[in-house]
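Everything below concerns the one structure shown next.
The letters A, B, C and D name the chains in turn, as written, and every chain counts its residues from 1.
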Amino acid sequence: MDRGRLEAFSDGVFAVAITLLALNLFVGGPGHGSLLTQLADHWPAFVAFLISFFTIGVIWVNHHALMNNVATVDRTLLFANLVLLLFVVLIPFVTGTMAPYLTAGDQDAHVSMALFAAVFEGMGLSFAAMFAWTLGGEGRTVRPVPREAQVAAVLRFSPGVAAYLVAIAVSFVSAPAALAIVGLAAVYYIFERTPQSLAG
Amino acid sequence: MDRGRLEAFSDGVFAVAITLLALNLFVGGPGHGSLLTQLADHWPAFVAFLISFFTIGVIWVNHHALMNNVATVDRTLLFANLVLLLFVVLIPFVTGTMAPYLTAGDQDAHVSMALFAAVFEGMGLSFAAMFAWTLGGEGRTVRPVPREAQVAAVLRFSPGVAAYLVAIAVSFVSAPAALAIVGLAAVYYIFERTPQSLAG
Amino acid sequence: MDRGRLEAFSDGVFAVAITLLALNLFVGGPGHGSLLTQLADHWPAFVAFLISFFTIGVIWVNHHALMNNVATVDRTLLFANLVLLLFVVLIPFVTGTMAPYLTAGDQDAHVSMALFAAVFEGMGLSFAAMFAWTLGGEGRTVRPVPREAQVAAVLRFSPGVAAYLVAIAVSFVSAPAALAIVGLAAVYYIFERTPQSLAG
Amino acid sequence: MDRGRLEAFSDGVFAVAITLLALNLFVGGPGHGSLLTQLADHWPAFVAFLISFFTIGVIWVNHHALMNNVATVDRTLLFANLVLLLFVVLIPFVTGTMAPYLTAGDQDAHVSMALFAAVFEGMGLSFAAMFAWTLGGEGRTVRPVPREAQVAAVLRFSPGVAAYLVAIAVSFVSAPAALAIVGLAAVYYIFERTPQSLAG
C-alpha cells in the first residue's frame, strides 16, 4: 500500500473528529435563561474543546512528520494506524462526556476525567507504537534515523505519554487539575519540535 | 475516470462513517444516575462500536488493496463501489439501532441484529462483486492475477461473506451470539492476508 | 487554481453529505413499540434515503466526468461549483424534512416534497451552468467537445432537469408521485451515459 | 512538511464544517404546526446558513490561493493554519446559536450576534496572519510577491477584517444589522479578486 492513501484516510478522520468536537459546545438556546449565563455555565465545554482541538491538531502534525519518513506501509503499520484513529474518533465522545461533570467534584467527575485522559494515553501509546515500528526494521524509513535522533525523539516524546498517565491518576483527586495537565501537554507539543527529529 | 478520485471519495465516506460511529457512545449525562452505571449499562454500544470500527477499517484496507490493482474505472465499477458505500454509510445507523436491544432477548433483539448482520453481508457481497469485476475482463487489472491467486483470494474471502450469512440466521436465536460471529469475522480479516493476493 | 483541490474539497462535501443522510434513518428505539413496527412506519425515510443517496452518487460521477475535461479553474467556475455544493449540503436537510410528511396527503406533504424537488432542481441547474461554462470559452476544456457531443450531452442532460421541474409541480398533487419521479431520474442517470459525452 | 497534506486536512475541515451547517436548518417536524409556518418562523436560520456557507466558501478559495504560492510549510504556518481551522469549526456552532435569537432584539440577540461576528473576525485575522507570514521571510513563496501586489492585497483584504469588527460593535445595537454587514462582506469577497494578487 502506498503512503498516500493511508494519509488521506487518516486526514479525513482527523478532520471529521476535530470538526465534530465543536458540536459539544451547543447550549440549550431560547427558553433556557440568559444566553450569557448559559455560555458562562458551559465554560468547561469550551476549555475541553480547546484542549481536544489542539491535541488532535498536534497529533495530526506529528502523524504527518512520522509518515513522511515511512518507506513502506505494511499490514502491521496499517492496523497500528487504525488503533490510533480509534482513539482519535473517541475524543469527541470523551470530551463531550467529561465537560458537564468537570466541576462536580464527585466520583462522576473522577470517572469521566479518567476516561478522557485514558483515551489521550491510548492515542499517545498508539503513536509511540507506530514510531517504534518505523525504527524496528531495515528499510522502513526513507532516510535513516540516526541513533541520537532516535534518543532525542524518545526523550521529547515521553513527557506527553507520561503526562497523560499522571492525568489519569490525578483524575481521581481533582478533575480540573487533570484537565490542566492534559492542556499543558498540548502546549508542550505545540512548542516542542519532536516532528523534525522523527523525520530524521 | 481515474482511480484517484474514486479512492478519495470512498476514503471520505469511510472516514466520516467511522467517526460518526462514536456518536452512538454518548450516554444520558448528568441527572441520569452514576456515570459508571450509565457506562456499564451501555456496554453493548461499546462492543458494537469496536466491531463496526474494525470492520470498516478492514474493508477500507481491502478496498485499497483491490483498487491498487485496478487499471480502468468504468461505470459498472463506479456504481458497484457506490453500492458498497451505501452499506458503509448504513453501518452507524444499524450499529446505533442494534446496541440498545442487544441484551433484550426478544424479537426486537433478533430483528435489530439481523438488520445489523444484513448490512455487513451487503457490504461483503458488494466487495465480492467488485473483485469479480476486476477478474471479469481483459486489461482491468494493472498486473494479471494468476489463477492460483484468484482461487486463494476467493477461498480467503468466502468465510467472511458466509459468516455474515450465518450471523443473520443466528440473530433469530441469540443476538449476542450473532454479534460474536460478526466480531470474529473482523478479527479473522485483521489477521488474514487476503489483500496481498487480491493485489496479485 | 488547479483542478485537484476543487475536486478534493467537492469530494469531501459529497462524502459528508452522503454519509449524514443515513442519520435520518434512526427510529425512536426501545420504549417506542416493536422495532419492526417502528421500521415499517419509517419506510418513507428509507425510500427517501435511497433516492437521495443515489442522486448524490450520480452527481458525484457526473461532477468528476465534467471536471476531468476542465483545463482551467477560474473564479466563475469556483463559485458555480460552490452553488452546486450548496444544494448538495441541503439534501440531508430536505430529505429528513420531507420523509415524515410523505404519506400525510396534506399541504405539509406538498410543501416538504416541493422543497425536496426544488433542491434537486437547483443542483441540476448548477451542474448545467458548470457544463455551459466549460463550453463558453476558448481553452476551457482539455479536449475540445465536438458540436454533436455537446448537443448529445444537452439532450441527455435535459430530462433530469425537466423531471425535477415536473416533480415540483406534481408535489402539489401527490407527494409520493413526485418522489417517484425524482427516483426515476436517479435510475435514468445511473444507466444513461452522459458523462462520457461531457468528457468529450 | 509538504503543502499537499496541509491542504488535504484543511479541505476536509472546510468540507465537514460547510456540510454540518445545514443541520441547523431542521425544524420540529410533524406535530409542531404547519410546515410552512415552521419554515417561515425559521427564516433567520436560512439567512444565517447562506451567509456562513458562502463565507466558508470564500475563505476556502482564498486559502487555496494563498497556499498555492507557499514554498515551505514550517511549524509556525502549521499552527497559524490550525488557529484558522479552529475558527472554521466554530462557525456551525455560532451560526446555530445566533439564528434563534436574531430577531429577539434583547441582550441575548446582541450577545449571540457578537459571538458570531467575533468568530468571523478571528477567522479573518488568522488568515491575515498566514498572509503576513508568507511575506515575512525569504523563500517562503514560490513566486515573489511584488511590493504593489502586497499593498493591493492588504488594501483589498482589510475591508473584510474591518467589517467583522464593525459587525461586533453593531451587534450591541441591532443584531440583524450586524448580520447584514457580515453578509455584505461575503458578497464583497465573492466579487473581489484578492486571491489573484495574493498568489503574486
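Everything that follows uses one rule, which is that a residue touches a chain if its C-beta (ideal position, glycine included) is under 8 Å from a C-beta of that chain, and two chains touch if they have at least 3 such contacts.
From a predicted model like this one, the values you see are computed outputs, not experimental measurements.
For the touching copies subunit B and subunit C, the fraction of interface residue numbers used by both falls below half; the interface is of the different-residue type. Subunit A maps onto subunit D through a rotation of 90 degrees [Cα fit, steps of 5, range 0 to 180].
If you average the CA atoms of subunit A and of subunit B, the two centres end up 26 Å from each other. Rounded to a whole number, the gap between the C-alpha centres of subunit B and subunit D is 37 angstrom. Touching of two or more other chains is recorded for residues 8, 11-12, 15-16, 20 of subunit A. On the subunit A side of its complex with subunit B, the touching residues are 1-2, 5, 8-9, 11-13, 15-17, 20, 75, 78-79, 82, 85-86, 89-90, 92-93, 96-97, 100-101, 104, 107-108, 111-112, 115.
The touching residues of subunit C, when paired with subunit B in their complex, are 7-8, 11-12, 14-16, 18-23, 25-27, 29-30, 34-36, 39, 50, 53-54, 57, 60-61, 64-65, 68, 190, 193, 195.
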